[in-house]
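In what follows, chain A forms one complex with chain B and a second complex with chain C.
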Partner chain A sequence: MPLAIYIARRLVFLVVALFGVSLITFVITRVLPGNPAYLIVGVQADESTLEAVIERLGIDRPIMEQYGHYMRQLFSGDLGDSWRTKNPVTTDFAVRWPATIELASAAAILSVAWSVPFGIISALRRRSLSDRLANVASGLGVSIPEFWLGIILILVFFFHLGIAPAPIGRSLGTVPPDVTGLYTLDSLIAGDWGALRSALAQLALPAITLAITTGAPLLRVTRGFMRETMASHHIRSARALGVPERSIVLRHALPNVLLPVSTMAAMMYGYLLGGTVLVEFVFAWPGIGKYAIDSINASDYAPVLAAVLLSACSYIIVYLIMDILHFIIDPRTRT
Partner chain B sequence: MSPGERSEVPAPEIESKAAAPTDVPVLDVVDLTVGFGSSTNRRSIPLQGIHLQVAAGERMALVGESGSGKSLTAAAVLGLLPDGAEVIRGSVRLDGEELIGAPERRLRDLRGRRMAIMFQNPRASLNPVLTVGGQIAEVIRVHGEAGRKESWSQAVDLLAEMGIPNAPRRAKDYVHQYSGGMAQRAALAMALSCRPDLLIADEPTTGLDATLQQQVLELVVEQVDSRDASLLLITHDIAVARSHCERTTVMYAGRVMESGPTATVTADPKNPYTSALLKAFGTVDQRRMYAIGGVVPTLLGELGECAFADRCPLAAPECRDGVPELRQLDDRRVACVKA
Partner chain C sequence: MSVVSPRASGSSAPVGRRRLIDSARSSRLVVAVATAVILVVALVWDPDWRALRVVVSVLAILVAPAVWDSQRRVIRPAVAVMLALILMALIGPLFTRDPLMLSVGESLTGPSGDLWFGTDQFGRDIFARVIHGARLDLGVGFSAAALAVIVGMPLGALAVFRGGLFDSVLLRISEAFQSFPTLLLALGIVAAVGPSIPILIFIIAIVNVPVYLRLTRSAVAPIVNADFVLAARCAGQRELTILFRHILPNVRQVVLAQFSVNVAWAIQILAALSFVGLGVPVPTPEWGAMVREGYEQLVYGRWWVSVFPGVAILTTILTLNQLSDRVRHGT
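== the complex of A and B ==
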């Protein structure tokens, strides 16, 4: 059973990778200047209160001892507590991760929806209008910083045109009953069209911002692979035996292109799931990215570490799922 | 024939091999000239005045060194010239039907059905993500020869005919599961799937093991013969031409140098280039390997002299006076003023 062995091997890799990520992040956050104890007790506190807080946080211990303690916690499912929000990190995540998942998923869907078909079409005819447009779009998309694009979109669609809602997070009206934590899905389940409209309206600008910046490299890759495939020997052979152009593109070329492109799309999705710090910040989106930034600014170790681990985890898991899919789809991996 | 006359050739409504008079060649290429770039900005002329006739049931070898224009001739016949290349003048007729200027729809219909091609490097010629049988069946299907189920069983039969063991199962395999020799057999099955009148085999054995080359060539000849089809075998190896083809056309620098029955062309070459090629392939007894001195000329424009003049041992001043015409000489044609 090669698939089972393959998955097992990848899961071992997952554990090793997470171990490495945790160690590096742990050490970096601890050696950076900034002592949370000062922030917790405030400037007015006396020496003994400070000492007590340092003792309670355990940050006076040797760093490896602290790490060992953290890992023991981690294995029992405890990501530590945030002193800033006064909640266990897992509780904070449960509220914020759905927001990130919703934004990441919407952005990934939009991103693939525009970039992949555009990449395919623009590759078919060199120097055609679509090819030139693709050049411009991908060039702009990869060079525009996403926070700047987000601000421009807010300026145009909210401030000047007034067709987008204010960039103040996920929803203006009532929140639909919590099932999945994704407002769009939950309002669909509840049949609440007003809430759905509101959720989609809030989602639109940040999702479009991310779809543009993540779609641009995807467009380039798709166009590159499509060009390469269309110039390959087997396409020439099929054409020379009278296979119609429609079948050449859809049946002969497309599957060869979608295999590598889907890997790239999965990597992008994994990256988005880890929280999109800048866009969440610009749109006040209450997701993992914004949570991580707020925690970093407050020297709040536990949430920062947890956010990095979550990011690494989601990246590796999405990648693993895509690999397994390829294992099933691509005939070359089967034998 | 001038370019203006081409479009007036009507596409025959009814095609039938039996209806075609026997003296009409299956493939008739006359004065085919291909250039890169536009007429105002001509970058090169890789094919100049190609004449090539392949009669029904005949096997013709197209011989020449790399860059002589063999494969480009095949591409021009199929109407699949690379981007930037165009036919400047000349005519290509398949069973009497003019292909230069024919609509793409018509060409697509003819490709695979009436003229087919197999390339070198067979493993790259098949799609890695489609089953081998599926690719053969698709060619049968797009030409309206059979439906989905019937085309699959025909594909399986073809694979079996080409000597693929356990064809019903192997048809469901992908090309990476095939060896090079088997992949070339599959490519042959695909090319012959609609019983074309003409098979172009473009270096079909390049990249195969030496032991396989002979087998594959024999299979190609056998299958083409059993279907009463014609073969245009493109090869750089004049020995291959000698053992498998009745007639041989020798190309050099985008021109036909000599063309005629293989036996007479190889036994008594009239063009010094043919002699040099024979010598280089060691078919003339010798101790040391022979190499033709000099390099192939760059084809930046229409040459005004014999293309081989710079390298030819017999070169004389009159060779520079103009491009030697392809003259009839007994049973062959030769482009050499000294012949």
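== the complex of A and C ==
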């Protein structure tokens, strides 16, 4: 199947998936009990504001008409207004989205960096020390609640050892000039080493927290695939032919393992884009997750739904990109 | 909880041939599941502890042998810890102080021989709160996971059975559900409906239904046209009977392994929701909410307020995950 057709087919799936996602958020807002108008204006609002909102939302109209209206709003890029910040949600998102992307990306890089090599090494030596360590690490990493892990890291590295900076957001000192919105990249572009240091120091603990919890399942999967591959027939044949162990691992086993592992890593990244909520909250990281929680606590509803919708969409899109890359890399998917 | 069955091995029966289910094993399973259900109901809905004492004694007699692996002559640590946790949830509260009792004079004292885990900012006994918290966290975890299985498993099997449009619509819906980050979706629903314990159970169950749906679907698909199913059909059995009597028993091990993970997951979601202030209402002893209260004390170096409830969450989840591995590998 040619690439173009494959991409076209995947795009159709994308549309279906996005449609499903929008349907679910719609159901949450409009169909569940509770008057969304109250959620939007807050309970303290006076009658006329409430009626205006009801009018604008069209809550009194038939449900199908409401859905059509909702979709029209989404397509025109209108995610509603935040009652708390008095801005359109899209404006607020534009400020906070880079913070979440920076955290999620740093966490994903760290996570892959420790878990994949560890998984491969531990799979090669069964029952060795590294295998046991991998067992413990993946068991603990999967089980530890990330908000608590963040607190423990703050306790140890900030309060007791004094190595890490205070957990109060993205930057203590100067903010680099805005190009990409990612402080680390921006300070690199500006050549401001002080700002880079500060940005990295602030990023370290939250990113490590997430890297530990998301790396653990990746470690398991990598180790599982690697074990399976090393036990397969083509590896046995290579051994029988006298291929050196090094080249068996690097040339014959790794390519087979890295493909599924990269899919997992992409899924993990897609998940991270919406899964940094708790860590953002613990470290006062001014991203989408913290914005959503702050909004809920202020009974400000539109931002929450927008965050839910946005994270689901980014997951689907990351997954789609990975699928297409897979198609290009792996000839077996092209049949 | 067939986890406790010492012979719950050999899940990988060849596809297409029906495994002979020995009757002793399935009756043990029925008893275990029934106990678990009573347990859950008792944990959540019985404030007077009356049913609990009965359940505890029955449970203790029933599952005590399961702790001992007679073949390998070792104690199964995961099973033992899980039992200890359940016991802690059931009868632990009878032996502690009142978890809601305020005592200003004793506020924020560190761990000592008298108050093992110290006290929080209102002078409440953290040890008592951790023990009481077990009841709520385990209760909500088990209930939510059970609800998700009850809805998801038949739906998944039905999807394969019906096939066609029904199947693909269900699959698309669950895919859409699964592209939401679980916690954010739960947050969105809580924000819309408002938090209370039954609603929390319901929400955690909803976000987990697609997991069981897809799991059951993939486990049922290879056996739906197996000989034993065709034989049952030839014998004139009704479709629903075939589904519940002949097909679903074959997927229970996969589902049980997932169930254990799912309870852990549910507890994590509950703790996380409470941690950000959207879970249980304030004075209720719940582990995540306690970690949150302790977070504010960290600045003053008072680590015990959030460390101990966190250890409780970690221990519970770790144990449940280990149990799941056990079931999956049939040991």
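The working rule: the second predicted complex is superposed on the first by the 291 of 335 C-alpha atoms of A that agree within 3 Å, B and C clash if a C-alpha of one lies under 4 Å from a C-alpha of the other, contacts with A are read in each partner's own complex, and residues count from 1 in each chain.
As a convention for this text, contacts are C-beta pairs under 8 Å (C-beta built on N, C-alpha and C of every residue); 3 or more make two chains touch, one makes a residue touch a chain.
Computed from a predicted model, the values in this text were never measured in an experiment.
S.K.: Please determine, from the superposition on chain A, whether chain B and chain C clash or fit.
M.R.: Aligned on chain A, chain B and chain C fit with no clash.
S.K.: Contact-wise, after the overlay, does A:330 reach chain B, chain C, both or neither (first, second, both, neither)?
M.R.: First partner only, chain B.
S.K.: If you stack the two complexes on chain A, which partner ends up touching A:143: first (chain B), second (chain C), both, or neither?
M.R.: Only chain C is touched by A:143; chain B is not.
S.K.: What is the contact status of A:243 with respect to chain B (first) and chain C (second): first, second, both, or neither?
M.R.: The answer is first: A:243 touches chain B but not chain C.
S.K.: Between chain B and chain C, whom does A:296 touch in the aligned arrangement: first, second, both, or neither?
M.R.: In the superposed model, A:296 contacts chain C only, not chain B.
S.K.: In the overlay, answer first, second, both or neither for which of chain B and chain C A:275 touches.
M.R.: second
S.K.: Is A:193 contacted by the first partner chain B, the second partner chain C, both or neither?
M.R.: neither
S.K.: Which chain, chain B or chain C, is in touch with more residues of chain A?
M.R.: With both complexes superposed on chain A, more residues of chain A are touched by C.
S.K.: After overlaying the two complexes, what is the shortest C-alpha distance between chain B and chain C, in Å?
M.R.: Superposed on chain A, the two chains' closest C-alpha atoms are separated by 16 Å.
S.K.: Jot down the residues of chain A that show up as touching in both complexes, chain B in one and chain C in the other.
M.R.: none
S.K.: In their complex, what parts of chain A are in touch with chain B?
M.R.: Checking each residue of chain A against chain B gives 126, 232-244, 247, 251-252, 255-256, 259, 330-332, 335.
S.K.: Going by the contact rule at the top, pick out the chain A residues touching chain C in the complex.
M.R.: The contact residues of chain A facing chain C are 16-17, 20-21, 23-25, 28-29, 32-34, 36, 39, 139-140, 142-145, 147-148, 151-152, 154-155, 159, 271, 274-275, 277-278, 281-282, 289, 292-293, 296-297, 301, 304-305, 307-308, 311-312, 315-316, 319.
S.K.: Could you please specify the touching residues of chain C with respect to chain A in the complex?
M.R.: Residues in contact with chain A: 172-173, 175-177, 179-181, 183-185, 187-194, 264, 268, 271-272, 275-278, 288, 291, 294-295, 298, 301, 303, 306-307, 310, 313-314, 317-318, 321-322.
S.K.: Note which residues of chain B are touching chain A in the complex, please.
M.R.: Residues of chain B touching chain A: 78, 80, 83, 108-113, 116-119, 121, 124-131, 135, 138-139, 142-143, 174, 176-177, 187, 190-191.
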